[in-house]
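Both complexes shown next keep chain A, but they swap its partner, so chain B is in the first and chain C is in the second.
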Partner chain A sequence: MARMNGRDAADRTSGAARPDPDEAAAAERAAVGRGTTSHAREMGRFFLVKLVILALINALGLFVVFSAWQVGHWGVLAAMVVILVVANWVYFSRRMIAGKYLFPGLVFLLVFQLFTIAFTAYISFTNYGTGHNASREDAVAANLAQNENRVPDSPSYPLTVVSGPDGELGFAIIDDGAVLVGTAEQAFADAPDASITDGDVTEVPGYDVLTFGEVLEQQNEITSLRVGFDDVDEGSIRTQDGSTGYLHRSVLTYDEATGTITDTDTGVVYTDNGEGSFQAEDGSTLLVGWRVGVGFENFTKMFTDSRLSGPFLSVLVWTFAFAFLSVATTFFLGLFFAIAFNHPAVRGRRVIRSLLILPYAFPGILAGLVWAGLLNRRFGFINQVLLGGAEIPWLTDPWLAKLSIIGVNLWLGFPYMFIITTGALQAISSDVYEAAKIDGARAGRVFRSITLPLLMISVAPLLIASFAFNFNNFNLIYFVTEGGPNFPGSPIAVGATDILISLVYSVAFESGTQQFGLASAMAIMIFIMVGLISWLGFRQTRKLEEVL
Partner chain B sequence: MRRSIVITAAVGLTMALAACGGGTGSGEEETTAGAEETTEDGGSAGTLTIWADEFRAAALTDIVAQFEQDKGVTVEIVEKNFDDIRPEFITQAPTGEGPDIIVGAHDWSGELVTNGLVSPVELGDVAAEFAEVAVNAFTYEGQVYGVPYGIENVALVRNNALASDTPATFDELIAQGQASGAEYPVLIQMGEEGDAFHMYPLQTSFGAPVFATDDTGSYIPELALGGDGGTAFAEYLASIGQAGSGVLDTAITSDIAREAFANGESPYMITGPWNIAPFTDAGLDVSVLPIPSAGGQPAAPFVGVQGFYISSYSENAILANEFLVNYAATEDVQVALYETGDRIPALTTAAEAVSDDPIVAGFVAAGEIGVPMPSLPQMNAVWEFWGVTEANLVSGVATDPAAAWATMVENIQGAVDAA
Partner chain C sequence: MAAEAYVQMKGRRWWREVSWRYLVAVIAIIYAAFPIVYVLSASLSERGTLTGSNTLFEDVTTIQYEALFQTYFPQWIVNTLVIGGVTAVATVLMAASAAYAFSRFRFAGRRGGLTFLLLVQMFPQMLAFIAIFLLLLSLRDVVPILGLNSRLALICVYLGGALGANTFLMYGFFNSVPKELDEAAKIDGAGHARIFFTIILRLVAPVLAVVALLSFVGTFSDYILAGIVLQDQDKLTISVGLARFIAGQFDARWGIFAAGAVISAVPILLLFLFLQRYIVGGLTAGSVKG
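Moving on to the complex of A and B:
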């Protein structure tokens, strides 16, 4: 009795303890020096460990909160505070027993699954991509900077950064041997008493000359400083390195109040067109745009853009065919081997089984690359050595390429099916086989009526998961054929072995400019499709269990 | 067991969130804080962050040390895979956590400028010290966006053991190659996806440049690769492809071409300076020559220029400019960068310093009639259609070369319009 309680208490030290009425056990524990009261018992070694770990977590969490606060990232800050509060509550509360087990998993679900999905969904409703890469503010600054041109044939001026009596920054430049000094507010004026040493201004009355170190501390202020001349149209002096000034003229000006950009040379006004660009009346836009929401445009584009909708159907059909054939071929080959090597008469079963699962241990990407090399039309091992120099276009003929993809995936995938079916076969009771034998069933009938239905109960969910995995098996396609051979003359670079996910990649990243928004929208569509298929599949598998 | 899950979960979560928090901040506060700390000594401030690939990073070490010593600042070189620099810069720069300077190719400029990610660089008087083509390549819509360091273009590389004098036309060159008894008369890498870059000299020799140019020689987004010249080139490709004389083959990838040439299986190869080292390592005696014309007009290769960009989100613009204009644009640095990748220095004096090498001189001569690769953002789409169509012509999949070429022009036009 006492021994049992002792074990009980040890199991409970994780914080879920209830008062132990057994005095003898308490006395025993007191004897080994852990304390005598029930409360003190919880303050044992394990509690201390918990305390230390939670303290560490809290310290790390607070560090994150602090860094997030420092860079003004409020979303991360709020999420971290909530997680910390919940974590402390769950692990110090006596009642949250289930929560102690579920909390880490839930946090992972939240951060790595739900957040990712939500963020992808958010991106899919924006025009994020080339030309719409950052915020409006950044776009304004970039457009202005790109259109501030050096005045043609203007000289370069030796320049020194100075600061005025109120600390305002200014430039002192040497123009034809004379020193001119000015600030943002005050145009360049002669400074006859300034001194020049080795071609640099070293002293200007009324101003402090900044050292290089001081210049570096105010880099943003200095590079954005413009000092003009009396004649405003002449342009203004700016510097990029703090030691040379160039005369620049800004072609564009931004009007904060109206939010428009005006071209001062032509008078054209560019206004915000609501699609993340500055647009003139004639429809021309400034080069740099920004990220805005575009509603369902990315989703409708898949069906309305003729360049996309054309190859979309054939890719969709091949995706389903590929995923289905991959599962079917690997499953039946795996099952065949499993049954064959499950037979007691086979010698050396363990060795053979170990060898058979080798491809499973091989990294998929590497296998893809190796197979691509083996199947090369002219130099591949298969054509050159095995087939005696036959130039069979394994990867460049549309149908052979499809066959090669299925073949390579068969090689990669059958060991997995072999492992799971071997396990499932061994779980089938030998009683049913005996009964079948007594009833006089032949091997084919036994397989169809007993082995396969019983196998399906445990394996069907895995087959659905395998289907979902192959539906998005980007690595295989990309590393074996890159989706090729391309459809000749197709308006986007899509090939005969492209599946949906590799189509997304080639449309969004390889066909011209990067389109994160469109890629996210297509990824969401695929996600919904796979989710739907898996849900339907899992519903069907329940029916399989009726054979029991 | 349960605890270990909790620990792992909590640590993982905190780290993930810390990464999120760190990755999306503006970074402004941090820099200011750093600047305040160093106000007292007045001599040092700022940390300059440079993204470079492994070769460039190694070549920059000396000059960076010099710069740190001169200016009392810290420079951090972050090594990245060359192909990762552009996409990572595009997504990270707007968060304020990107680098101050990146090392990249000039044809990125269109995309970077369209996204507002890079600042114009005023080269000032230094501009004249660079090869004109290098500065032009980094010019986008009238502004210079980078400090160039290396120029590269393809040329005809000859294995002197198999051929000694090179004829003036490509047809004669093929005939000579076939007569030499080598396995391949001439090697041009392409692969199943095609390689329009290496094929471009042949294309220009038919008078079909990819884009039209304005009076100043800069590209305008108007396709010029169609027309009679384009059709003639398409037919020529098919005639020397797998269904024709078999000179070109889509199975020849860059690796296969390099190895075959290094093994002495071909007298000629059209390739760039990056492949010379494997050839000389293999003990070949090679010469570098201009590419003979196939269509009667000069065979002008694309010129690619490598250089440094300054992020428009940089908090250290002055430091970055100082480093690029006054340190990176010096002869020593440009020669050091040349030695890592064999690209011809963009700085004229540095190029002269290394031009005793006949191979360098050969590439320079071949590149003299070259034109910069267009840097319009739509080029990604152009490359894809272009390469695949050429591969289809060579493999014989496209049975009607003129029609296949016309479809390609149409598709490229569609991609350019859609972007």
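Moving on to the complex of A and C:
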């Protein structure tokens, strides 16, 4: 005991929940009384480390504050200032000891989980998505820019194509003897240090002048490039040949006073339709709209829009069916194996267990892809080898695809159930079985009246957790069938095996247009359902603890 | 009933009660291992197509592995190790320090904090992926390294889920470390930081290892968040990289994919086998305790 060093003691005591007092005392002596460093010096060292880390965090934080201020992101700026102030307060205060330990985790939790959940809720009440991404001001500017024509008889400008530090293309033009330079993102600005030779810009500080060959190579990018002036109404410069620029102005004009856009060619007036778009009297809208609140429209649309409600309801039903069947099939197969191998006369139980755990350890995404290959209609192993060349549409027929999903999930999920039911079976006292045997109960009766109820007490909360997990089992669906086969005629890409979470993903990113508002509304629905399920599971646990 | 009685069991009774268990075992093992054996065979095949992989171990070459290393795969391995490793270590540290605070200090809002974490635990972070995407989209304008298409940003996103998922597990274990230990150390002059780093963390080291491993496997198996945050080919994780690599080209790229799957799955399989005792122990402890 005396020779044991702190580490050994710690290792030996760590496995057991309650270390025996002797070992614990040794661990403590070794850990606390090591060496001769005094308490004061120790404090000093800790303090120095703390100071350096905090200085770094403050420097980084101030950098973020500064760049947020530069680009005018006030939200980010305010959040960062609050984080910095609280960090310094917590770590320099002599009290707030618990705060020192909670702070880092809480910051990440607040920003990347709580804020994002709240933000999801906010988006679900807007029309955020393709065509409605930005503010009204940005939408006005974008519409004006998209509808530009060359101004008739406009002056031409000697123009040179340049590329900026990140390779982005830009124009340098000569206007009244002064050089202006700009890119698609950056409006024209004076470049006083640029040099002009023979009426052409030959050098611009901070930019590379493109050679004739390079201009030819990127012809398409250059002829579609638009470099605007500071004021949107002044229009922009475009070029056809890469050496002469012409002034372009929008055919649309924006009237601040009435908030309308007028097409100067046709005389059509577009007014704000209250839904985030400029609309003409004939109902046509300008391409770019902006973000507005739409109330509960995204939520009601799921049930009332006939093109959406059909697929949505079938996805909803399938999500519950899938989660329930997943739990049921994996549980019973796992339980069957557990009962079969949890018998003292079976040799090599550890080997069996190690081998059966394999699917659980195999990364789920890769397993999904492997099964997608195995089940492939024309080339897959199942059809080609096991079924002798039958072309069974395992993944492309709506019902067979559902069956395949359940089957693949069975492979992925039974080891977990096998492990937990084995553990629970071993925890059931053998006394009850002997009592049953004396009472003359048969095997079936013993299973129904003793094994299953006793098992359920300990396993039920885990089954509910498993249900909640499968409810959002995105990887399985996405990699085995991608949610397909798709329902025809739906405005969103949705299929027979889609569950809610894969539907949300598809609506947000894979349906041609991004409909963040609608997708967020669906995500909020999932939040509510998952919350309910977890709450039920939690209550179940409490109830069972009372029983025990 | 003594176990020896069963081991000694012979004859008709053995056939009736035990023999079928071995039959089930054989079927179960074939079922569990077959897809893995198939992937191994596909990764060693010469043609590397889906059709060409249907005869198991028809030929054994390393062509597919060589082709795999001509892709971005080596970079994906590095990315996965860095992202998963940093996330795992930071997750363990943050969750452990939060659990330490809840377990050892009495402060205003402690009960509220615990309840709050219990609630947060119920809502998977993954569901907020749209808001995460939009948040990183605007962060990109401010600090590009914390915005979309940055590995650091992805780590930060993962760390957002660190407290919710693990604090409770650790809280239970920390409570099982006797308080007398801290008190004795305190009398000897140790500060709270010293007690945390040199006593408590060492005593719960196996739990920390399991949480770290599960966190790593979690980041490895994430597609939805990694897939929307990372965009450039050279920044992807193994899962996202391989999934995009094979998308739509199942037949042609099957062998290379299989090689990638084998290389990335083998370390995880081995870890699970070696740490089986702890993982199984953790799972069953949860189940028995309820």
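Assorted remarks:
Criterion: the second predicted complex is superposed on the first by the 302 of 548 C-alpha atoms of A that agree within 3 Å, B and C clash if a C-alpha of one lies under 4 Å from a C-alpha of the other, contacts with A are read in each partner's own complex, and residues count from 1 in each chain.
Just so it is clear, a contact is a pair of C-beta atoms (placed from the backbone, for glycine too) under 8 Å apart; a residue touches a chain by one contact, two chains touch by 3 or more.
Note that the structure is predicted; figures quoted are calculated from it, not measured.
Looking at the shared chain after the overlay, A:434 reaches chain C, while chain B stays out of its contact range.
When the two complexes are overlaid on their common chain A, residue A:150 makes contact with chain B while staying clear of chain C.
In the superposed model, A:310 lies in contact with neither chain B nor chain C.
In the superposition on chain A, contact of A:108 is made with both chain B and chain C. In the superposed model, A:67 lies in contact with both chain B and chain C.
In the superposition on chain A, A:526 makes contact with chain C only, not with chain B. When the two complexes are overlaid, the chain among chain B and chain C that reaches more residues of chain A is C.
In the superposition on chain A, A:374 contacts chain C only, with no contact to chain B. Looking at the shared chain after the overlay, A:76 reaches both chain B and chain C. By the touch criterion defined above, A:407 lies against neither chain B nor chain C after alignment on the C-alpha atoms of chain A.
Comparing the two interfaces of chain A, the one with chain B and the one with chain C have residues 14, 63-64, 67-68, 71, 73, 76, 101, 104-105, 108, 111-112, 376, 379 in common. The residues of chain A lying in touch with chain C in their complex are 6-7, 10-11, 13-15, 17-19, 24-25, 27-28, 31-33, 39, 42-43, 46, 63-64, 67-68, 71, 73, 76, 97-99, 101-102, 104-106, 108-109, 111-117, 119-120, 123, 128, 336-337, 340-341, 343-346, 352-367, 369-374, 376, 379-381, 384-385, 411, 415-416, 419-424, 427, 430, 434, 457-462, 472, 474-475, 478-479, 501, 504-505, 508-509, 516, 519-520, 523, 526-527, 530-531, 534-535, 538, 541, 544-545, 548.
Within the complex formed with chain B, the residues of chain A that make contact are 14, 49-50, 53, 57, 60-61, 63-64, 67-68, 70-73, 76-77, 79-80, 83, 87, 91, 100-101, 103-105, 107-108, 111-112, 130-131, 133-135, 138-139, 141-143, 145-146, 148-150, 156, 211-217, 219-220, 222-223, 239-244, 246, 287-288, 305, 307, 376-379, 395-396, 482, 484-486, 488-493, 510-514. The touching residues of chain B, counted against chain A in their complex, run 2-3, 5-14, 16-18, 20-22, 24-27, 29-30, 35, 38-39, 41-46, 71-73, 87, 90, 94, 111, 113-117, 119-122, 124-125, 141-143, 192-193, 249-251, 256, 312-313, 315-319, 321-322, 325-326, 377-378, 380-382, 384-385, 388, 392, 395, 397-398, 404, 407-408, 410-411, 414-416, 418-419. In the complex of the two chains, the chain C residues touching chain A come out as 1, 3, 6-7, 9, 14, 17-18, 20-22, 24-25, 28-29, 31-33, 35-36, 38-39, 49-51, 53-55, 94-95, 97-98, 100-102, 105, 107, 110, 113, 118, 120-135, 138-139, 141-143, 146, 156-157, 159-164, 167, 173, 176-178, 180-181, 184-185, 188-194, 196, 198-199, 202-206, 217, 220-221, 223-224, 228, 239, 242-243, 246, 250-251, 254, 257-258, 261, 264-265, 268-269, 271-273, 276, 280, 283-290.
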